[in-house]
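By letter and in written order, the chains are A, B, C and D; residue numbering begins at 1 in each of them.
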């Protein structure tokens, strides 16, 4: 039924409110994996983010309740958590990058052992995202050009596809490129200071699963 | 209602409308896409290996922008198509997610915050400016591994800092310093035509140059005699005709004994000495009593053997050489300088310079430069903070090399305020890490690495990551030196792979930094333009170089008898160094005892060397190379069987190694292949940056045990003048 | 069915074995076990041999009833079949977990290699299992004639299976300590030891509730005890002979492993478990009790089985403990034996199998009509 | 049909391990799984020592014990002499590992006892195995005995050859130069 509604919106040449809300929801999630600026931190702390997630997810027809505000601690703590989880200055760490959680390439001809290993950057998935970004006439910042399968970009892209009413493409995208979140979560929880990120990933996975 | 992200990463590209429909070019299905890209073509891009500083030529095979395979480049005179274990290993590092992926700013002990390149340049540039404006440009230090990288010099010139410091004082500085003073430059052995080779203080099978090993084993096939003098039965000794274990620190005595035999038995090449040597009599005057017998007492090698070496050298001269050595002898003993001098003298006595099977200078060439684009003011050049080449401090040390182990001292004395480290990690590769950690007291420390090395983690205020070598194009290099090759070669690193992170090339880092510092257009050229300008005078186009990978220039160094001249004051090989006499030294080598001697049953001299699959400290985080270490017990400390038995030690036992600087534990390898006076450790281990997880905490490093000493003549660290006591147990 | 403490213990053991299997299949893979390129076979191969030989041995001793018409053993026939089936399925279960890819076994049918002892092992034991089921089926249906005919065929298959199992180890000249004809013989003798022991334990378990055993009970115990004692003595002699020959052979590839057994890494297990617990104590108990006490015979049987388990571990490890001398050398390399010790996953499977056999046997006893009518 | 052999001269090997890692790269092996390894033998007493490092790997026997014992014929021998393993048939019984006198097999991540493949897919295109092409000391030579142009003929000429463990009658296709030290 959900799908038909969405398709209906597309066919009518208009994007439904529901679609817009769904797309916006992922913009919010995408934002959470960027470096935590003070402003974002404040929004998280005063519950603004939780509120928006609640409203948007309800509108989108995938209601979830989050309480990230209870898990973030001080600004310094969230910065520390970001560093510990994603930067690699301490180990273990869990970069929010799809390639790391997938077999590097399925191309058997490669003569480097990366081929069938996990844990490396610029895997097949990164190339695919780069391809999608280019084909859709989009651009990503230089800093992320070589890490196009960073979770932030994946979520923004997913949001964009939904926003533009490319529903079947979005579905395919979700299936192909947002299926690694459980592995990501498992890596995150091995890090001592993993909140709020592990919970964000959990909730994100929850809304994607619906 | 809808939250508009202030910082959305995804932007609609300029000139493209929003997609109303799915573009035809889009392959949305990942499986289909992954299948499609398998049809991409494989291309070949030349580069130079970064596994050590030999710059072996290699081909990077690339498919869809990613590394497909690496292979040695046949044409390169260092690799001759071969790569060693490190070469294969470090290429693989490129996709390691543990690299420093973007600029980092220190926000606390062991705490960093990622920042954008713009912020990084702005902050580093303005801070450097403030500090130098206040204290003077000569408080700026650029410390690097050394070699052929050039861009920093431009900045140093403008701000008036002479402080370009390399790692050489911890490696082989006595050799280059002295060869330059005595014969005007380095000379390299001709493996292909020699009939008799002595290797002392250099293990080509550990510190590998693949082409050297190829040529040495080929020579061996032909029946050439190979002698290895080394306290340790090193990898090269495996294929040698003879291993002569020498008491560590006494190579000088051996050389004096050989010289004495050559001269007293009239075996030396008199005509060569007459024509091309200055100061022979002066040398002989001081050493005519230093007989082979005396040398035998000191070295533990029999007088007969010493005489035999001298006679065999003479008998095969000039198709014979005493290899000029490397790290093993030239920064590690109080008598390293004199040892280097004697190396020149022995080769001169057998008259093998410029002779087939002897020693030759490196063929070279000169590159052009991109046109200057900076015409602004330049500060007056200050004096060197480390005192290298400075009267009253270390006048005999080559200013071009510097004294890296003094950096913490310079900072403490206020002589250095801003320190940049470029692919250099003194916290692990220089003596006494606890002392080196004081580097963090500088006003500003910037590290330009690939990985989270100790220096970055413990001292850097900013980390500005450089691209992996396969991701960057660089200023071309002349491939020459260390081993004789009749023609110079030109090669370069070309960008083979897409970068996996937001690291940059050195040139771009310096452009950003200097611009923020307030110098505009200091590097007004791109790397492509730099390469074109460099290669221009030689008549090579960058495209051609990229296609061939390595281009050999005209043959320029061939054996000759006529017209030999040396680039010294007398145009001869000077057995007596004038500059030394000026400083009050006698100027010729005489016997000097090592600084310290082990006494008693549990005292040993701690010596070190390279393992064939690691490059000192920089490869220990590679999982493949560390797997070799694990399979072959590579972190074990070698100890002579007899000494071990006395201490009740068996293979694999844990021991505690201690002196007044450090206490460490390790396991022992009990072997017949080591001089009883010493213990030996590979120079590779002891990584203590916990970010380098494959290497972290494995083994220990000799630097843990040595103080940051400075030799008065050439500035080296005397890295093997180190006594440790060893006792059973510890783990 | 009455549940007691043993029922729960068995369930716990099976549960832990489940964890061991999960560890192998889903978590650690090959690393779940202590094996290495130098010691590729370990406790699971040993326990496979332990259970498979016990299965054959149980059948072999029990066939004294069916085949050789020894009256007092007939009481055991059906139960022995059940025990055999359970032991053999346990052996197969362990093997399935030991194998990296048991599902690829199907290729044994499509592209069999007739020169491979493991192929024949699969064939013989596969047939044996089918025969066991057949014999049990006809026995329960009281089709005596059919059951006996199967028993004859089964006897041949059993002996072939045992000899072939010995060949799995003795076939290749690579592992000198195993090579030759000793181990086929060893398999048959140990089969009798384990058969007698298993039957003793089984008789004890059921004698309390099966009145019919009161009639044959005592002589049956005594006979089994005597068979057990005889087989142990024979085995002890064989082992002593084997080790003696190896030690005095002057060939390090034989004497080295033997040294490892008597004074090397295997010595503690060899002397305490295999010799003392598995041979000396049972024999002392049997002879001092003059084969009359049920309890003591049971105890001897249990000890013999325990000793035999360690004997299997030692037997597998001893073939692999000594490093192969690939490059002819004069240099010392003997100081490093190939090290192996079983991991918890391996132990869990062994004990799990024991738990399974106990549990399944009590269930079978409960549900099937296994008593012999007179 | 080609007739592949490898010649190894241990007298030249200094133990750099380039062969090991080049092979690992070529065949995408993880760090601790390696198809070739170095055996070290040090004899003598200080200061008179000899050290011989012998590279070991699958010997591609003409009479391979691993093939004989393989229950499913997963291990097979190609007509050109190369012994290979068909992963889809391997049950992982490891009898091949027990039977191989050269300890040439290592268990792969998928539980298959893997080993050196003589770079089977590559040599048929005229390429040489990675361990050979990267060896700086010229320890290894690979070639086709039936091809007169193959470098193997020059490498073997005048060499005193031996095979490892001739007593096992495995007839290896890896030929070693006799120890000269």
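We take it that a residue touches a chain if its C-beta (ideal position, glycine included) is under 8 Å from a C-beta of that chain, and two chains touch if they have at least 3 such contacts.
Owing to the predicted nature of the structure, the values given are computational and were not obtained by experimental measurement.
Novice: Starting at chain B, find the fewest moves between touching chains needed to arrive at chain C.
Specialist: Shortest path length, in steps: 2.
Novice: Can you pull out the chain pair that has more C-beta pairs in contact than any other?
Specialist: If you count contacting C-beta pairs, the leading pair is A-B.
Novice: In angstrom, rounded to a whole number, how far apart do the mean CA points of chain A and chain D lie?
Specialist: 48
Novice: Between chain A and chain B, what distance separates the C-alpha centroids? Give it in angstrom.
Specialist: Going by mean C-alpha positions, chain A sits 44 Å from chain B.
Novice: State, to the nearest whole Å, the distance from the C-alpha centre of chain C to the C-alpha centre of chain D.
Specialist: It comes to 38 Å between the two C-alpha centres.
Novice: Send over the residues of chain B in touch with two or more other chains.
Specialist: Within chain B, residues 69-70, 92, 624 contact more than one other chain.
Novice: Please output the residue numbers of chain A that touch at least 2 other chains, ranges allowed.
Specialist: Residues 110-114 of chain A touch two or more partner chains.
Novice: By the touch rule stated above, which residues of chain D touch at least two different other chains?
Specialist: Residues 24-26, 42, 52 of chain D touch two or more partner chains.
Novice: What are the touching chain pairs in this one?
Specialist: Touching chain pairs, listed by label, come out as A-B, A-D, B-D, C-D.
Novice: Write out the stretch or stretches of chain B touching chain A in their complex.
Specialist: 1-14, 16-20, 22-23, 25-31, 33-35, 37-38, 42, 61, 63-70, 91-92, 95-102, 104, 107, 110-114, 116-117, 452, 457, 498-502, 624, 690-691, 693
Novice: Given the complex with chain C, which residues does chain D contribute to the contact?
Specialist: Chain D reaches chain C through residues 39, 41-43, 52, 54, 56, 65, 67-74, 88-95, 97-103, 105-107, 109-113, 164-165, 167-168.
Novice: Along chain A, where are the residues that touch chain B in the complex?
Specialist: 20-21, 24, 27-28, 30-31, 34-35, 37, 39, 52, 55-56, 79-80, 83, 87-91, 95, 97, 100, 104-107, 109-114, 119-122, 124-125, 127-128, 131-133, 135-147, 152-153, 156-157, 160, 164, 166, 169, 172-173, 176-177
Novice: Flag every residue of chain D that touches chain A in the complex, lowest number first.
Specialist: Going through chain D, the ones touching chain A are 24-30, 130.
Novice: Can you list the residues on chain B that touch chain D in the complex?
Specialist: Against chain D, chain B makes touches at 69-72, 80-85, 87-89, 92, 205, 208, 210-211, 213-214, 217-218, 220-221, 233, 235-239, 243-245, 612-613, 623-628, 630-632, 640-642, 671-674, 676.
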